[in-house]
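In the two complexes that follow, chain A is the common piece, with chain B as its partner first and chain C second.
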Partner chain A sequence: MKRFTAVLPFLPLVVLMATAYVWPVGTVVRGSFIEADGTAGIGNYRQILESYYFRDALFFSLRTSFLSTFIAMALALVMALALRDTFPGKRLALFMSQYNLSVPRLAAAMIMVLLLSPTGFLSSAAYSLGLTDGVAGFPWLVYDAKGIGLVITFVWKFFPYIGLSVLGILQSASRELEEQAATLGVGPWRRFFHVVLPTVIPAVTVSTILVFAASFGDYEAPAILGSAQRRSISVMLYLKYVDPDMKNPPEAFAMMVLSSLVLMVLILGYRWLTAGGARKRGL
Partner chain B sequence: MKRARGLILAVAGIVLLFPLAPLLLWSFTTYWRWPVVWPNFDGGHWLRLIADGRILPALGNSLLLSTLITCFALALSFFPAKILGTRNFRGKRLLELLLLVPAFIPQISVVFGMQQVFMKLGLYSNFPGTLTANLVFYVPYATLLLAAVFEDYDIALEEQSRTLGVGRLKTMVFVTLPAVRSGIIVTGVFCFIGSWAVYLLNNVVASPRFHTLPGVIFPLVSVGNNSYSTIATAIIIYILPVLFLLFITSKALASAGNLTKHNIL
Partner chain C sequence: MSAFLSLENIYKTYPGQDGLVLADVNLTLAKGEIVALLGASGSGKTTLLKIVSGLESQDKGRVVLDGKILDGLPPEKRSTAMVFQKSLLFRHLTVAENINFAPRLNRAFERAELRARTSAMLELLHLEGYGRKRVTELSGGQEQRVSLGRALMTEPSLLLLDEPLSALDINLKWALLMEIRELNVRLGQTMLYVTHDQKEAAAVANRVAFLDGGRLARVARPHEFYSRPLSLAEAKFFGWENFIPCSLENGRLRSAMGEYALPGLALGAYRPGEGYYMCIRPEAAKNVGSGAWSGVVKSALPQGLGTLCEIECRGETLKLVLPARFVHHPGESVSFDLDPELFWVVPS
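Showing the complex of A and B:
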């Protein structure tokens, strides 16, 4: 009886997830093994492993999200270090550094188009300052094959999010270690790399992973400011399932499964690495 | 140190706020094209966009959907979160890991499977289905956030209240809820903000006649030839409600430190 009352609150959650998440995931996985002639097999997987577009999109998304997460992490650290003490105006500074948590990625991507496109605000400003001699003189920062606009959007959107986590850690962790290191004559840079970073990195593993996964799986931002030559994985998957010219649902399913697996392996690997680091330091 | 902080905060402030400048300028100007930097004033886009008749109903739909998602997510996650946060049992770490899965796996990999299953269940292309589809992502998320809140909660308070003869419901209303109030607010705000941004999921699962704000705004950029002024105005309408929500709850958010400490936010 006691067992039952402990399990009961989980019931709606379990029913919801089983029918509306696990079942759909199963549908996708099952669909990925159904080949063009209706038989079951791994033909779709063999096909997509040879597909240049799949590899290119996967690599492009991994690179974009790795860069975004790394830069966001670095900025978050700097920001959290600047915000951790109490000072006049801290509440305002905190709000300013958090407000774009509320800006949806779709809006963030559109804001970046208005700001960075060759006919956008920065281009106009550069021209009137005499820095460029026309629309063509401004670098392609959106719709570009390198994904610069995507990285800028993700960093802008996500660094406050990691920053909030880092700030939480820095404010709750005692400063004793840092102070001891300072007394022993350890300089600020070495203190940062040998004391602050090892405390912060394992503690923000989950938010780092969430940001990495969110940039990897995001559809809206690359759909708005991505390039037509190099598609991000989610845009490619969408087209593969929906677009009349590219449509091939079984292959799309196989790509969905494979790209998710790649992401899961990376996430678990990273988690294992940071957890190992934390264990070694006895944290 | 002080000067470094001032410098960092100033640069961060500019980087964070600067992208909003063209947004505000553009939405109140007309015929503002490359390479003009300073425009003339015109509020016409606001009137035209509102008169267009799609934005306001979509705003209403978004408010309704996000509010319902938030309420359901909080209601369904409250008791599981309380157990997760206050008790220890075998398989707890695994359960927490499983709850993170919907946040990790790209939505694009799941939505078309959801579309197929929802068609079978009669949940495709209608409001209950749309709500359910969103809850799949926000109930586990809310459970994890609230569980972190409950880890700081002293369950002895409840036992004391019960010992003193206070009923279950009264204990819940007067003891439990006030103790975790700011955590609930933060969780609710994050659910609301998150669901406010949902485009892909609603695009695939919801009825084509049910438009939320992102559903109306996305095509403004990707399809057709809309002026930057129209786009800028639409974005402002889109982000103002969530910005306002974040602003009025910033005090509770400031105490989100005890959420982040638990490594979840």
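Showing the complex of A and C:
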């Protein structure tokens, strides 16, 4: 009875979680095991795993997400290191580096089309400057099978997430620790590798997971900027789900489960690696 | 006294801040000496310490350490080490790794020697057995000991301490002050110690440099500040109270409270006709209950062995500490004598 009373205040939350999360996920998982003839089995999973298009879409999404996260992380570190000092125009630089946080992802993708497409601003500018001899001379940065436009969009959209979380640390704790190390006779490079990096790693870990998951699951940017030959996992999943062929939704469910599992395994592995490092370092 | 550290005509301003943070500061330290930089908040003592360490640069003046001009050198190129108010330990390292942080990264010693020196430092700081522990497992006092050890491991010519004990409780503070003095004696380590606490300065330092509003008001032995302050600011900072306007006539002090002989003064330093303050230490009250002075208690604040009372007496309000065995309530009359040894006079 006592135990039940203790749980009582959390009951609304449990009900909310059950209806908003557990029930839909359960429906998807259950649906993924229902085959075309209505019987239960793993046929949908077999079908998907044997599909070249699924494997290619998964690889494409993982590759663009990895690349975007890595480049965004590097850019964010440079941005945070540049912005932590006081200098004339710092407020403007700070605004410029984070205003894209307020731009919706759909709008970000459309901005990239206007900027990077063969008839876009950069292409026109290159032609006006005599750098190219027309639309054909400008490289394909959007609608391309390599996903260059996608990576650029994700980096542009997501690097402030990592940058701002690192900047906060660099301006406070890290600064004092660096000064301490300097007064002990440790030079700037050693300070960066042995003081700055270990201090910002926890914030980088969390924010890169968020960026990786967000770019992996993003639908708007790949739908607008992706090519017809290579689709991202989210676009493929949506198309499968809305396909009028009734056998497709269960396959879409199986695809959802598989891609979620892949993402989960990757995030857990990353957490385990970084947590192991942190444990080793006593963080 | 030959100067080991010499600060010559140091000036400092901060952009956007009115006035000088430091103005014409001149200070010398002998090798093996501890000098306390004492002053109120905003007096410029931490700025001066940062100028010596290279974390700040002066607008004018020179810093010379052991014959070498330090101006323009970054902190890591100066043979100084600094201990801050916060221990600022590296949380990702163990106690031993923190202690040998700088010599390990700078590859100052062979591995075996580094290990031996780290063990010796842990022993010196009474931290044997803590080497493998995480710094997150340490108490505040232990953290500050590790911070001290980490600085000493660099074998600095000059150790700079910026209020290193101000975050610790009183008992721990006194224990560590004694340890710092002991380290100074054992290692002959020269130290510049910043504090805003006059008791701490008196306990740790051979000499005290008193900074007032960015100017070095006086450098003297600690007891001289207590017994013979030279200005009102100094007197207030070192615990003098009861500043009664007076003048000097025929070698005697004349004030609203009466006329007194100058207590142990070098009379030549004072000029008749000029304005002075007669200062009376709160501890000057004696013969309570049977003295020749009398007054009415306005307020009473217990302070352990004594009670700090405000007493209305001869048109002045005196702050005096009376023995706690006499219970005093506001409105009660009290009689006492004042010890003339605890009188002093400063220019107004």
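Assume the second predicted complex is superposed on the first by the 240 of 283 C-alpha atoms of A that agree within 3 Å, B and C clash if a C-alpha of one lies under 4 Å from a C-alpha of the other, contacts with A are read in each partner's own complex, and residues count from 1 in each chain.
Here is the rule we use: a contact is a pair of C-beta atoms (placed from the backbone, for glycine too) under 8 Å apart; a residue touches a chain by one contact, two chains touch by 3 or more.
Keep in mind the model is a prediction, meaning the values are calculated, not measured.
By the touch criterion defined above, A:Ala254 lies against neither chain B nor chain C after alignment on the C-alpha atoms of chain A.
Judged by the touch definition given at the top, the superposed model places A:Val142 against neither chain B nor chain C. In the superposed pair of complexes, A:Ser172 makes contact with chain B only, with no contact to chain C.
Once the two complexes are laid over each other on the shared chain, residue contacts for A:Arg91 go to chain B alone; chain C is not touched.
Of the two partner chains placed by superposition, only chain C is touched by A:Thr183; chain B is not.
The larger set of touched chain A residues comes from B, when the choice is between chain B and chain C.
When the two complexes are overlaid on their common chain A, residue A:Ser234 makes contact with chain B while staying clear of chain C. Applying the stated contact rule after C-alpha superposition, one finds that A:Pro198 touches chain C and leaves chain B untouched. Overlaid on A, the two complexes show chain B and chain C touching no common residue of chain A.
On the side of chain A, the complex with chain C involves touching residues 176-177, 179-188, 190, 194-195, 198-199, 278, 281-283.
Of all the residues in chain C, the ones that touch chain A in their complex are 53-55, 74-77, 79-82, 84, 86, 88, 90-94, 101-102, 105-106, 134-136, 150-151, 154, 160. The residues of chain B lying in touch with chain A in their complex are 2, 4-5, 8-9, 12-13, 15-23, 25-26, 33-37, 76-77, 79-80, 82-83, 87, 89, 100, 102-110, 112-114, 116-118, 121, 123, 132-133, 135-136, 139-140, 143, 193, 196-197, 199-200, 214, 217-218, 220-222, 228, 231-232, 235, 238-239, 242-243, 245-247, 250, 253-254, 256-261, 263-265. The residues of chain A lying in touch with chain B in their complex are 6, 9-10, 12-13, 16-17, 19-21, 23-28, 31, 75, 78-79, 81-83, 85, 87, 91, 93-107, 110-115, 118-121, 123-125, 127-128, 135, 156, 160, 164-165, 167-169, 171-172, 203-207, 209-210, 213-214, 216-217, 219-220, 223-224, 233-234, 237-238, 241, 249, 252-253, 256-257, 259-260, 263-264, 267.
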